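Per-chain numbering from 1; labels A, B, C and D assigned in written order.
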Amino acid sequence: MHADATIDEPAVATIDPAMEMTGIGKRFPGVLALENVGLTLEPGKVHALMGENGAGKSTLIKILAGVYQKDAGAIRIGGVETDLRSPRDALRQGIKVVFQEIALISEFTVAENIFIEEYPVNGVGSISWKTIRRDAAALFERIGFNVDPAAKVGDLPVSQQQMVEIARALAHEARIVVMDEPTSSLTPNEVALLFGVIRRLASLGIAVVYVSHKLDEIFEIADTVTVLRDGRRISTKPVGEHTHDSLIQDMIGRRIENLFPRSRGVARDDVVVKVEGLSTDSKLKDVSFEARAGEVLGFFGLMGAGRTELAKAIVGYDPIKTGRITIAGQPLSPHNTRTGVSLGIGLLSEDRKTEGLMLELPVLQNASLASLEQFARAGFVDEKREKSAVQAFVDRFRIKTPGLGQQIKNLSGGNQQKVLLARWLMRGLKVIVVDEPTRGIDVGAKSEIFALIDQLAAQGLAVIMMTSEMPELLGLSDRIAVMAEGRITATMSRDDATQEKILNAAIA
Amino acid sequence: MSEITQPAKSGPVAGRLANNSQIVLLALLVVLCIGISLSAAQFYSVENVIAILRQCSLVLIVGAGMTMLLIAGEVDLSVGASLAFSGCVAMDVTNKTGSVFLGALAGILFGGLVGLFNGLVVTRLKVNSLIATIATMMILQGGVFLYTREAVQNKHQQPAFTDISTGYLGPIPLPVIIAAAVFACAYVALRYTTLGRYIYAVGANAKAARLSGRRPEQLKLLVFVVTGLLAGLTGLILASLMNTGQPTAGRGFELTVIAAVILGGTSLLGGRGTLLGTLLGVLILKVIDNGIIILRWDQNLQMIVPGVVIVLATYLDLVRRRADAR
Amino acid sequence: MPQSLSLSAAAGPKRPSEWLRALFRRNEIALLLSLVALIVFFSLASDSFLTTRNITNVLGQASLAMVAGIGVGVLVISGEIDVSIGSLAGAVGIPLVVIMNMTGSLELGIAGALLLALCVGVVNGFLAAYIGINSLIVTLGSMFVIRGAVYLYTGQKAIPDDLMLESFYQIGNGRLFGAISYPALVAIVLLSAFIYLMRHRPFGRKLYAVGGNPEVARLAGYDVKRVKFIAFVICSLLAGISGILLSSRLGSAVHVAGLGFEFQVVAAVVLGGVSLAGGIGSLFGVALGVLILSFLANGLGMLNIATEWQLVTTGLIIIAAVAFDELKRRAK
Amino acid sequence: AAEMPKKIGYVTNYATHEWYQNVIKGMQDRAQQLGIELEVRDANLDVNKQVSAAEDFMSRGVDVLIITPVNEEGVVPLVRRAKEEGLPLVLEGNPVKGMTTMVAICDYDTGYHAGVEAGKYAKGHLGGVAKVMNVGLPLLSATVLRSNGFMDGLKTEIPDATMVHDLDGGGNPDRALEISAAALAQNSDINIIYGINDSSSQGGLQAWKASGRSQDGLLVVGTGGEGLGFINMMNTEPSYQIEAAMFPEKVGFTAIDAAVKLFNDEEVPQHIVSPTTPMIGSDGWKQYYSVDGTTRTINWDAVNAVQPAEQCMKTAADL
């Protein structure tokens, strides 16, 4: 019934192919999200789905999950044409999905979230909490993830929540498991564990759909790759027929010459951010560092090392216990974002949904939130100027939206991130702190964002980048700080840095 | 909201209106007015129109504040009790100082103080605004009787005090002018100023607003104070209209205001709403209230009909929006 | 060997302290402390407060809000709200008394009352859950419509219980073994049943999930609309039961019965720690919220405090209790 | 000398209303004279709260209970419980099935006598025409009786008097004002405004003034005479000529006396009538009250001299 079933024995007798989607079309107001897309899943195979932000990957998956209804096309599961009218239908067909946006009940415990689809009950129909706790612990142990089943999900960092999501998809019998960017906040170690699980699923004859923007992962785990662009299928090929370049070519229709462009010279000498002896009640202990104008300072650490907390403290969002933060020589009053922003420091949060987006509001207002004063005269917003400024960013970042009036909740994850980045760049800053800036962003956009970060530094900004991506860290940073358990354990220049040195410091 | 959510292109006026969520309300209002007029010509007599507008002005003034408050993600149920208290204060201070101006000022400021109290309790003590303002309502209802056991009479029979509500500027009654001015200011503030944008932002996502250098607490506090001041102003007008400060006035007023605001399409979850909607909501509710008397219908329908209309209007708007989304 | 020793040594004393810490982490603890503080204070301040008779009185009085509060609690946890319960609690008296007068049967009267409550719940639930109209709007509408319909039907007059049925008198005024009043008994039974439902039945957890995050609940395969619909029906039925008890306490169907009841109940529910955003709170908390308000009203009366001071004090204590709860939560 | 109860409990309907404030004042005065402790609880218009408050008094052990029912049907079980416990119970205002005694004015008679006076006034000043706007309150039988009485009394003088508008003004001034404004717009030939309490007549009059009408040819009749409001209006508003005084202090006074009698098992009539009388003209009130600043004092000699009716012409049972 539970975890054991999925992992250790074949769940369902499988027929070839496991699922076939043909001619799928889906239209949203103002957007043709999918047009005549086909997808065939074979049992025991890992099928990767790739494409730029907004290409339609999540939409296709949501149709498979019964969340959205297709406008055209057909879905056959095990050879039978099926209508998936609700997530319930899809679950009954054994389709388990790890969604891109974390889909957990934050007030529930980890264990309860895992069994939320179907609670184990005892003879009189009461929930068997004992079984739930035991099975959840067993499941985590089997996968190798390290999450406390009794913790409240809302208290966990994003990365751990992502593991819970993955575990949930494996808790019940499945015939198709879909993962929409499951690794966007996992450490390399956990990614390795996840891949182990995926291989095991495949060996049990389960069809796996895997969405990721990380090319390396695709080459490692996928059997077949389907690439979408602008809602159309560009190609479906065995992974062996692809090279990095050919895949990128399919995805964005052009080649990326250099993922980590570098136009800036050496960092200037003037220290823009100076943090001395920073400690907080919860995690940070005696953190000191400096960042100079024109440099990118990369912070690396394992999950829970304290980077997010550091980011929030230095922009004045979280209270601090001791320590001093100065921005361009001016002291920042802690726990006060107003002085932070006026001194010229801003944070691009890792948690888009709860700390960044105003979901109900249009792109326009989401973009101009931090820089509204620039478009205002005597408190009145000059909407014309505001719109043209935002439009310029939409064009420059190639943000896919039907218009500035579109509610931001209707944009794809990558495009949302671009809008939030625009929010800060529209306001001239001295320092920008970016926390996992490319989480969920496609290669094309990534290279644009890297180029942007590079440009910003070239213009004299200090960029503080919190990242879990080693290539990003090494490709972009001038200097690297490594955190572990709330302390900075090592600082090094890029030239001195090696993966090994960094990882050693992160584990310390 | 919907004006702001419009795509960047500014279409022709008719197109924008048709796309607007107020269209249902406007249609409803027109139907109501025509319907009532057809069966009772007195409905559109000057006297009746003025009577309706005067009543609307009371609700609209507070409604303007309440709309902003709901957009900012909070609510104030103490406005009814606050306006009764403010009216007593206004009358009492007028009596004691002999100055209507000072009395009026005191009444309005008292309302502002109540708003400040609500705002502080909500933003500093983090008490949910619904329960905080229910508590304030109780405190005010008790407090007003500690302040005065009896209705405060216009002791010196100052005509200037009654003029606040019964005076005219040209052909238009003063309260209507006051309400129009309040509405216009609120409309401009919400629609065209940075402050208005921040109010929406705070209601839509307070954390994001804070990260962008805003102080959600301060903004909410401000909106609470504004709502309080407007309740004080309404209390003053009501006291003037009755020529007394009545400690028992305003019972259920908060429900009328909130009903009008949500009828106007403002979301209770914050971040969405318009003042134009509130204006239409107020007009519809007061036209129904008036129409039932003009038509000599059973007055018990004054509860039933608005109840049905609130649900119906929301339903029609829902249908319209779903059709739009297609 | 040493290892296992140290393990058991750690586990031994840890247990009670863990348990205590878990208890203190629960939000209800602040409420429980407030309630105890209130009771201690009033016992010291007034001789007539801590008497068996008075305590049973208060429990009886609290039970009407308790029964309705359970329903509202369930509904608010599922992410919706119902402000028509006051009108409904008043309205169910009419079928109850009218049918009783006609047939002489209390059972038929109660069936009629519950049928009315069921209908209201179905309509509210249908409009809010299935059609998708905001529940505050729907129930604000039905609050007006029900009350107006009662006035229309009765011509704003109470309908007396012509037959003076003893059984009808007993359900609201009688006591089991002369000690515990029937309304209190009803409240205790319903409270236990619903606490069990919310904690240990899959449906209870679905209510939390649907209120906590409807999108997630849908993705988990729940029929969100149906769950919410049932919550509306539960809420109305419990308001109906509360109204039946009220009607018996009043010995008639009173057209103004239950005016303002929705405010009292919603205030108690929120005071009890149930979040209006949905998904958070417990029925135990709701019960504490109701008891605090009931003991407060009774105690202030026992101290012979003037109405106006009672209102002021109650308001301040509500703010203090919620603020205390919030500060404690933040300190965590 | 009769024995005195130690403690009397009074559950009022709506303590913050001026009428009840004055009833309580009368009770307090009388209780003090007799050395009785009086405790007051407020139902605040909530039937359920009223039952709870009475229960609290019972468990607290008062010697006599006085209740002003929020609704007369809603306290039937209370009357029964008081009987079972042997607790003497006096009702104020409205009769209840199974009660022993009630202290109340005659609402119908009060309206009736004011109606007669209004008729006389209309003959003298309004050309014998009487078109009445009743700012009423259908919610309570007492207030319905007043309106009915007023019209019947009026018709004794002017047989073709009509009630052109029968409004529900909620008994409070702001709502009364709002609906009166609509009614005045609907009918322009109204010339008498009758209010079932002072707030209602005030609301009606203020609506009249707000519509810009002159008070010539208008008569306003109020009921209650409970606060300063009607005195103020009689002093300053030319149309406010008649007030049906109901002497709330006297009601309170009488209720305490009745409570003492019940406590001593004395025979009491089922309905102890408290007197009412119309007060006419701008000086009419001065016979019964004197005002100093914001306090008014009842002139007990004059009020005690008003003879109550033996029996009411009509009661709630006749509705």
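Quick notes on this one:
We take it that a residue touches a chain if its C-beta (ideal position, glycine included) is under 8 Å from a C-beta of that chain, and two chains touch if they have at least 3 such contacts.
On a predicted model such as this, the values are computed, not experimentally measured, just so you know.
Farthest chain from chain C (centres taken as the mean of C-alpha atoms): A. Separating the centre of chain A from that of chain B, both taken as means of CA atoms, is a distance of 44 Å. Centres computed as Cα averages put chain C at a distance of 37 Å from chain D.
Within chain D, the positions touching two or more other chains are listed as 16. Counting only residues that touch two or more partner chains, chain B has 141, 145, 267, 300.
Of all residues in chain C, those that touch two or more other chains are 156, 307-308, 310. Contact annotation for chain pairs lists A-B, A-C, B-C, B-D, C-D, with touch applied as defined. Residues 29, 315, 317, 337-338, 340-342, 346-347, 349, 354-362, 364-365, 368-370, 372-373, 376, 379-381, 383, 387, 391, 402-407, 423 of chain A are the ones that touch chain B when the two sit in their complex.
Note for the complex: chain C touches chain A at residues 196, 200-202, 205, 208-209, 212-213, 215-223, 279-280.
Taken together, the chain C residues at the contact with chain B in this complex read 127, 131-134, 136-138, 140-145, 147-149, 151-152, 156, 263, 266-267, 270-271, 275-276, 307-316, 318-319, 322-323, 326-327, 330.
Every residue of chain B that touches chain D in the complex is listed here, in rising order: 40, 42, 45, 47-48, 50-52, 54-55, 141, 145, 149-151, 153-154, 157, 162, 165-166, 238, 241-244, 246-251, 253, 289-290, 293-294, 296, 299-300. Within the complex formed with chain C, the residues of chain A that make contact are 65, 67, 86-88, 91-92, 97, 99, 103-108, 112, 116-117, 119, 121, 125-127, 129.
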